[in-house]
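In the two complexes below, chain A is the common chain; its partner is chain B in one and chain C in the other.
Up next is the complex of A and B:
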């Protein structure tokens, strides 16, 4: 509903604008706004969705702008072909530089991408065929399939049709599993990996897509300006680009369109007042004001307003009891885990030192030991979050220790975290849906599987809630449900009972038993000895990174070394 | 010292606490126990002025504090050790401790308080130059408590100090809380681990769905049948009883 209203308003604005404000000048503003919007939609995908602070996107506008100018003027290409060629070059460039540049994060990435933009400006000044500082002039009007667009009005519609296509693509991404994966990696990369999401791939995809869209933005602008030089897409333009998406809002691609309209419109109004010196000041103040007043940008504010007006009853949780029948045994057998000689050091600290043990298929094993004994590090080694220094880890005899975490998750290794790693920008349903990411099946199937996993852990009815509306204990269950949605063969649980009271701990114990009954091998790190001794078939004890004991709960409980290092007096066998 | 009278509070439009009344007297340890989501942390945050009060009154001695901003409340002598510690990870143990005295104006006496913490927590003296994030979980919890003590609070609010700690370390932390009390501190202790909390406390309150359901001396609550059932894992035997119940469930579900 919201989507249809958004699209209807968009189309109405585009169609009515030239009718309401006829004349060459307003039409020109409309075209420039559209060209900018084509780029900012892509920028929202990169900045808002993939959370990659690559601020030098105007560099890709330059690629498109020069491709269109040079190919059309010097080589008499068809404008549409030149536009597509420019986009391809921009995307190929993005793809080629993605590997080194996306390794960087935050402000370093921002600086590196701005530096690339600077390099492009210098290259454009120096290359023989760009026209240097004077630029390339006489760019023809845009044409479609060889037919030149006679009027600016026709060009205006073509530009906005392209924007509509980009918006539609953006919305499609938003509503697909890719969009969910992007939101997931924005909230917690670790948790995204644990759900089997290949975060590098999606960052790369968004970088490439947004580079293509920026290039199209450049091409369209050049066909309107009829000239291209190194200053057209300089740092001032970069600033406009960034201002537009921040003012418009990073939460959805609509923010790119709204922001482009506001920035262009405002600049023209300021020009009308002939206060060119104040333009930068006023734009800056406006950005700050919008940031303070509407933290999600103007588009985010409008969306929020709509939700409030349209909201019926706020969703209330009427959480059911765990429904053990909601999931059934999967066809795949439980996995056998074998850790052999695993070692990992941090500087001089041997966090994990030559630890070996095996967990048989379908067994429940517990890993215990004092805080700092290396249990979580060992979990990270098994999950692939950190590399081994020595030793091996195998799942059903096949080594997994060289694989990336999302690959290991995709092999059926689920995980829950000591300090919850949930996606706080999503509902409970979306959080758990992320667990289905690796399955590549229809969303309907994913939804059904998600609902079953939620019912299994006792969160039926919580689908539409946001995480903040759930207690800590229930949030833990969301994490378990997400791991179950992965359909794991081995489940690693890091202190699942931490923060739970006694009755909740007992319910958790029952849940873990039901998970094991589904045909899942369980390995847990836990300090609650009642849970460990009650549940486990096998207990492995670590101290100072080394395995000091292993065996059945009752044997471990009587082990003198374990009592001294870990259990203390209270838990000595009665 | 601290008195809550019929306090209702919560986030946005949905109240979490409903007319909760509670008192902490000078030099005693009061335990607040209850299920997840019962409102224990909300109660602490309400006292600290982090959650808005919709009705009721909070007195620190005779002064009403429910409308004061948090920094004022800290200056009035309350210090909170938040759940999951929230230390300044890359900073050293000593820097963390000194930041705990940040609001104090008697700069000269800060050094004295610092030495006092090192006497109470010798392990922190050993690790004073180490970054807080390199400490083990139990040591971090000690640092968090010591940091709160640096403001020389009249009342210390502890939120789940046993969270994520090994059994042996839980015993140590609880013993430390008792020694703080013996050194003159007053403590309001929020705990999921009801057995450990009531073991160290003088009095206790049980919070259920935002309401105080039971209160009394810690010894009486440990004996109370309803409290035992809900929070202590059933009748005598305690932790062993829970373990046995889990084992019987295992036999029922897994057949082993």
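Up next is the complex of A and C:
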């Protein structure tokens, strides 16, 4: 409903604008706004969805602008073909730069894209075929399939048709599993990885898509300006992108359109008031104020108002009992985990030292040991969050010790975290649906599997709730449900009982038994000895990074070395 | 290779490199204490330059103009922290860092309104003379740049090594969270570091202004080149960041002299991209890439 209203308002505004404000000047503003919107819609996907700040987005506008200018003027290409060629070059460049760089953490993409932009400016100034500082003049009017667009009004409609197509593409991404993956990685990269989401890949995809759209923005603008030179798309134009998207609204594709209109409108107003120099300060202040005070921007504010007016009833949950029958044994057998000689040091500290053990398919194994024994590090080695210094880890005989966490998750290894790692920007349903990411299947199937996983852990009816409305214990169950939605063959649980009260811990133990009965191998790290002793088939004890004992719970409990290490030697007498 | 040409390129390279080194140091200090990469870092250099270059022709004596520029840098740095970062302290890093970009835009825009579009020139502190080193002519002002930078660096490293707040900054760089748990007052430290970074940037801008002109939109280039230094120092090692900043100045100067002055920026930024591509591990796959961070 909201989507249809949005589209209707959008089309009405586009159609009515030239009727309400006839004349060359307003029409020109309409065209420039549309060209900018083509770029900012893509930029929302990059900045708002993938959380990648690119300071040199105008560099891709330059690519499109020069492609259109040079190909149409010097080589007499069809404008549409030149536009597409520019977009392809921009996307290929974006991919070549970002594919390796996005592996680095921090904000290197911001500076790398700025560097690329500044290089392009130098190249445009110095190379012969760009026309140097004077640029390329006499760019023809835009044409569609060989038919020149005679009037600016026709061009105006074509530009906005392209914007509409981009908005539709953006909305489609938003509603797909890719959109969910993007929201997930924006909320918690660690958790996204554990759900099998390849975060680098989606960031890269959004950078490439946004580069293509920025290039189209550049092409369209150049066909309106009829000329291209190195100053058209300078650093200030990149800043326009950033301001537009932040003020317009980071969390929605519409934010790009709204932002483009605000930025262009503001500039025209300032020109009208003969205060063009104030543009930078005002844009900067707007950016800072919106980021501090209302992060969702204008589009977010409108959406919020709509929700208030439509006064949606807050969903009330009556949680059902756990439904053990909701999930059935999956066809695929439980996995066998084998750790052999695994070692990992941090500087001089040997956090994990030559640890070997195996967990048989369908067994429940527990990794115990005092604080600082290296349990969580070992877990991170198995899950792919840390590289091994030595040793090997194999799943059903196939080595996984070089794989990244999302690849390991995609092999059917689910994981829960000691400090809850949930996506706080999503409902319970969406959180758990992220677990289905590795299966390429219809959303209907994903939804059904998600509902079954929620019922299995005892959260039937919580689908539409937000995480804040759940107790800590229930949030932990959401995390378990997300791991189950992955249809794991091995489930890694890092201190699942921490923060739970006695009755919650009891129910958790029962849940873990039911999970194992589904045909899932379970490996826990746990402090709660009662939980471990009543639950585990096999216990591995670590101390100072080394394995000191392994065996059935009863045998381990009587092991002298374990008692010394785990309870402290003063307990021996007692 | 002609030795005098080499020196003629090396020394001016070191001069601009001083500015990049101070910016790089500012990046590292701010990032360590607050966890935020401050994209406005380069703008303080620009501000120091335009403030000093604006005041001198308006009859303010040189030392006072420089002092005012440095004070302006410190004040604005502190204001940036108080007004824009403190209220957003609990926002995601991504938001905080984008806010610093907004601040950079405000500073640029403000300088444009206050000091105008045209680059401002400023006389050398002890005249506009030149001196000769190994057959190369070097502006006397370079001595001021080197001296001021050396003093600034010495003061900063002394601060980091021998004072309690300095040790706190270093503790933050090793483990921000642990440092906070050990009672490091991160809030006050952040404020101080932003002020110091603003002041040192402004000083760098003021001493370099007689050589390169002060321009409202010079901040991005200083920021980006300083950022390269910070990134080579992994945002952790101040010493490496400073050395890398100097190196970038020299590389830029050699690129201009031996290749083409038009392409010098393209060469420096190309080197940044190449560095990032290698560091990101073009040929590294799987979990090994976790180590390349």
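By definition in this document, the second predicted complex is superposed on the first by the 550 of 574 C-alpha atoms of A that agree within 3 Å, B and C clash if a C-alpha of one lies under 4 Å from a C-alpha of the other, contacts with A are read in each partner's own complex, and residues count from 1 in each chain.
We take it that a residue touches a chain if its C-beta (ideal position, glycine included) is under 8 Å from a C-beta of that chain, and two chains touch if they have at least 3 such contacts.
Nothing here was measured: the structure is a model prediction, and the numbers come from that model.
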item	value
Combined model on chain A: chain C and chain B, fit or clash	clash
Which of chain B and chain C A:280 touches, first, second, both or neither	second
First, second, both or neither for A:371, with chain B first and chain C second	first
Partner chain in contact with A:547 - chain B first, chain C second, else both or neither	neither
Chain B versus chain C as contact partner of A:384, first or second or both or neither	second
Partner chain in contact with A:122 - chain B first, chain C second, else both or neither	second
First, second, both or neither for A:533, with chain B first and chain C second	first
More chain A residues in contact - chain B or chain C	C
Which superposed partner A:471 touches (first chain B, second chain C, both, neither)	first
First, second, both or neither for A:503, with chain B first and chain C second	first
Segment of chain B intruding into chain C (one of 63-71, 81-89 or 171-179)	81-89
Interface residues of chain A shared between complexes with chain B and chain C	none
Contact footprint of chain C on chain A as seen in their complex	47, 51, 53, 55, 97, 100-108, 110-112, 114-116, 118-119, 122-123, 125-126, 186, 235, 239, 242-243, 246, 277-285, 287-288, 291-292, 295, 384-388, 401-404, 407
Residues of chain B defined as touching chain A within the complex	33-37, 84, 135-139, 160, 163-171, 192, 194, 230-233, 239-240, 242-247, 249-250, 253-254, 256
List of chain A residues in touch with chain B within their complex	368-372, 418-419, 471-474, 495, 498-506, 509-510, 513-514, 516-517, 527, 529-531, 533-535, 537, 565-571, 574
Interfacial residue positions of chain C with respect to chain A in the complex	37, 39, 84, 87-88, 91-92, 94-95, 97-99, 101-110, 112-113, 117, 217, 220-221, 224, 227-228, 231, 235, 260, 262-263, 265-266, 269-270, 272-273, 276-277, 279-282, 284-293
